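This is the structure I want to talk about, given as structure tokens.
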Amino acid sequence: MIYASQSLGDLWVWLLERLAEFCGWLGIPEVIRYSVEKGAYAIGLLVFISLTALVLIYMERKVSAHMQLRYGPMWTGGWHGWSQTIADMIKLLLKEDVIPDKADRWVHRVAPIVVFVPSLLGFLVIPFDKHLIGADLNVGILIIFGFSSIAVLSIFMGGWASNNKYTLLGGLRSAAQMISYELPLVLSVLGVIMTVGSLKMSDIVMAQKDVWFLFTPNFLGFIIYIIAGTAEVNRTPFDIPEAESELVSGYNTEYSGLKYGFFMLSEFTNTFIISAIAATFFMGGWNGPSWLPGIVSFLGKTYLIVFLLMWFRWTFPRFRVDRLMDFGWKFLLPLSFFNILMIAVWVLVKK
Amino acid sequence: MTDQEILAKIAEKFPAVVESKPAAGTLPAYSLTVEAPAASIAEVCAWLKSGGLKFDYLASLSGVDLKDKLQVVYHLYSLEMKHKLVLKVNLDRAVPELPSVSSVWQAANWHEREAYDMFGIKFTGHPYLERILTAEGFEGYPLLKDFIAKPDQYD
Amino acid sequence: MTETLKNTGFEEMTLNMGPQHPSTHGVLHLLLKMDGEVITEARPDIGYLHRGMEKLAEKRTWGANIALSDRWDYIASMSNNFAAVLGPEKLMNIAVPKRAEYIRIIMAELNRIASHLIFFGTYGIDIGAFTPFFYAFREREMILDLYESVCGARLTYNYFRIGGVSADLPEEFVPGVKAFIKYFRPKLKEYDTLLSTNPIFMDRTVGVGAISKEEAVDWALSGPNIRASGISFDIRKEDPYSVYSEFDFNIPTGKNGDCWDRYMVRMNEMSESARIIEQALEKLEPGDIMAKVAKVIRPPAGEIYTHVEAPKGELGVYCISDGSTMPYRYKVRGPSFVNLAILQKMLRGLKIADVVAVLGSIDIVLGEVDR
Amino acid sequence: MTKIFKYTWAILKGMGITLKYFFIKPVTVQYPKEKIKISPRWRGTLKQLKNEKGEEACDGCRICEKICPVNCISMEVYKDEKKNRRFTSSYTVNFGRCMFCGLCVEACPKKCLVHTTDFEFCTYERESLILTKDKILR
């Protein structure tokens, strides 16, 4: 039986058990059972991702609006314009798909897919709840960083293929920025990995059962992670690849319709992934008060980080490209090395 | 420095530069106004800037169409010595040409381009004397009194 | 660097920035030659908003030219009106009543605040901070409401008349302005916290696009741009028009003439303007608002150059009258036009991100550049 | 080191301001639903007044036509011998040209041309911006 106090993860496990029983009863081979199990999870994930993107876009609009003394969308759908993003999605679907005359057509078409798929795959290893994880790999976090570095390629592809000087500059800037901020990002997480001694997501979450890593010496790592993560998803103050006032719209200047939608979607899913990792690594993931379902606690933490990123975005001006590199290489990288050293000492002392 | 002293200093150096008297029936000059010959305007301006008078600030450079002649009017200040001067140059309407002063005051650069654009006054020695405000391929000089505007589709 | 690149066959990239670009403040077209992100040559191309104001003015009566003057620098119309009425008034030797003079000064200074608020907001956007824009516009809206209650328009005021102003202040205006000043002072501090002292903002602006004293004079910059370079040149002090000599105010100046100095000069000017308004409100006494002026204005033949300290700088009007109802020549020396010219020199060697920072800090209005 | 703390403090203070406004009621006016108070001096569309006898007060002096900087007012005038005054047979204002400067209203000697506070006059065709006498005389 399922009780209300039990979490979504337990429900998922219970469902899987029933499925296994059912298959055993019918004599269905293991392969099919396995694919049904994973297929169901994938579909659930897809639905979740699209809902998340919608919610995030709506949230961004509302947060920015209220910080700027506005209301944001208020009319579409009745209550506080809740369906505005849905309407916008439909609009994007129906819009004409323009490919510039001298664009590299094939690359231009592929770029939005290349940007979206890695951000989709990243969701596989995010632990939403106790047993609710697509694949609890023992290299979990590496998968995410591996996929997210593919996004650089796609943004550069988009910038190059559009055959526009602004997009080219945006793509180049993005490549430089994302590669240089990947280092502090990974190094800041390294502190946590050293503390836990495992790359597995579930181990990391379990290690924070009593105290979140946020309240340990890993705090410095958290700050570095948030800064580098903001840069990784190209949000203000690090949004120089898009830099509206300089490069019109950066690498996606020449994109329209569904392809632009993919770029936008991936921006928000990446934001979610970055926030979800922050919640997992530093804020205890689905750990929380016993009366709260794990997924609620996890999503709550994630959205808190998302709000923090939005708060950054609507407060700060933009860095200049060379200062951004300076900041990344000359300040953030040494700081993250120092962080690793500090954590190493701490781990030794604790032992 | 009073107007008379400025005038005396200029007259000492350039006898050809004389005080300009307003035409009969018009108001008296609002500020010290001198007239200079077109050919020597670059030297006069260079001296006005670097000589003892230190007119370092070119406030405005305007072309004027006086029907029988064209005029270029320079409004000068000295930020250091706090005096003003209005310098006028009369030009032949048929061949409106005079040396550019953009090497003396950088500010003259765009002012001269504007005067060229609007009156067709050619400033010899200007680094880039092209039309500045009117559209590419525009014909005629709109601020001349005999310019006739062609009506476009909105008129 | 560039030379070696050229020798090895690399080309410079030409980038057309504008006339359709989010941050060229209208329809400015910048032709940039770039070596990667570094600008090697910049050429501003203007004239997309040219409406032939000077030609139009020759076919309008002196009174109608005030309505036209609203369209020069359309975010500081009161200052334009000021410049447009001073010329004919001096030609006709009209003594403007005291009350009208004070009203004019209140209006012009409120307009300076409004214009600098727009600068503050748009400069934030240029640098990448979107939120200050809305805060600035909230305050500006209050000024516009005050203007609306006086002259019935929010942008093109057409409020000054030759010999006075068009309408007396309504009852709620003076308390409204007092309340606004009281409300506005703390907001300025808030702006400083939000943007002026923000490390990222300072990183973008300090030391960027510095103009030396000599350059500033050579290019005849005016207004906050020349004051940021450390030259205390303000027409309100230098050549006081109207009754500015009666007021006690400081001229904020900068040191280095970089973007941050230009920005700070404007921020400080707002509080100085507030001071002037407070003094003017105290001196405001009941009385006439129009001098006795004939219905048809025919200034005697003659010429005059009058200038006012508009928010952007020295706004000069050189008008020649031939004794008829219309000016013979009406030259407008727009501060934005003159200030913009230095851009071609300043941008050399900067990065493309600095283009918007420098352009924004000069604070141009294309309506005045192109006229 | 102190620099870093100073910077962080400045950044946090800036964030404090945006957070403060996050919880303050927005100042937006939800336009079609609610409207801002418009000053009675608002220079909106033009309106001609009638005199106490109920006939048009305008006697066609053409001052507004002459003073208009953009020539958007045009009228035709005839003289009514019986009443010994002039009337306008047509009075047209082209609001596509009008720039709402208010000079005509100021100049009107009969004070019969006034501004309304109406500011919503958008149409689908340029032609419907040209208002004739029947729409102006109210």
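Labels for the chains are A, B, C and D, by order of writing; each one numbers its residues from 1.
Please note the rule applied: a contact is a pair of C-beta atoms (placed from the backbone, for glycine too) under 8 Å apart; a residue touches a chain by one contact, two chains touch by 3 or more.
Here the structure is a predicted model, which means the values were calculated and not measured.
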Notebook entry, point to check: Taking each chain's centre as the mean of its CA atoms, which one is farthest from the centre of chain C?
Noted result: A
Next item on the list: Round to the nearest whole Å and give the separation of the Cα centres of chain B and chain D.
Entry: 41
Notebook entry, point to check: Roughly how many whole angstrom separate the Cα centroids of chain C and chain D?
Noted result: 25
Notebook entry, point to check: Between chain A and chain C, what's the gap in Å when you average each chain's C-alpha atoms?
Noted result: 45
Margin query: Roughly how far is chain A from chain D, centre to centre by C-alpha average, rounded to an integer in Å?
Written below: 51
Check: Among the residues of chain A, which are close enough to touch at least two other chains?
Finding: 67-70, 314-316
Next item on the list: Find every residue in chain D that makes contact with two or more other chains and list them.
Entry: 11, 14, 17-18, 21, 27
Next item on the list: Among the residues of chain B, pick out those that touch two or more other chains and give their numbers.
Entry: none
Check: If you go through all the chains, which pairs of them touch?
Finding: A-C, A-D, B-C, C-D
Next item on the list: Using the touch definition up top, name the residues of chain A that touch chain D in the complex.
Entry: 63, 65-71, 74, 311-312, 314-316
Checklist line | Touch list for chain C against partner chain A, complex | finding: 13, 15, 21-23, 37, 124-131, 133-135, 138, 194-195, 198, 200-201, 203-204, 351-356
Margin query: For the complex, give me every residue of chain D touching chain C.
Written below: 7, 10-11, 13-14, 16-18, 21, 27, 38-39, 41-43, 67-69, 99-103, 106, 115
Item checked: Residues on chain D engaged by chain A in the complex (per definition of touch) -> 11, 14-15, 17-19, 21-24, 26-28, 30
Note to self: Quick check on the complex: what are the chain B residues that touch chain C?
What the structure shows: 22-23, 25-28, 30-31, 56-60, 62, 64-65, 73, 75, 79, 82, 86, 105-107, 109-111, 114, 118, 131-135, 142-143, 149
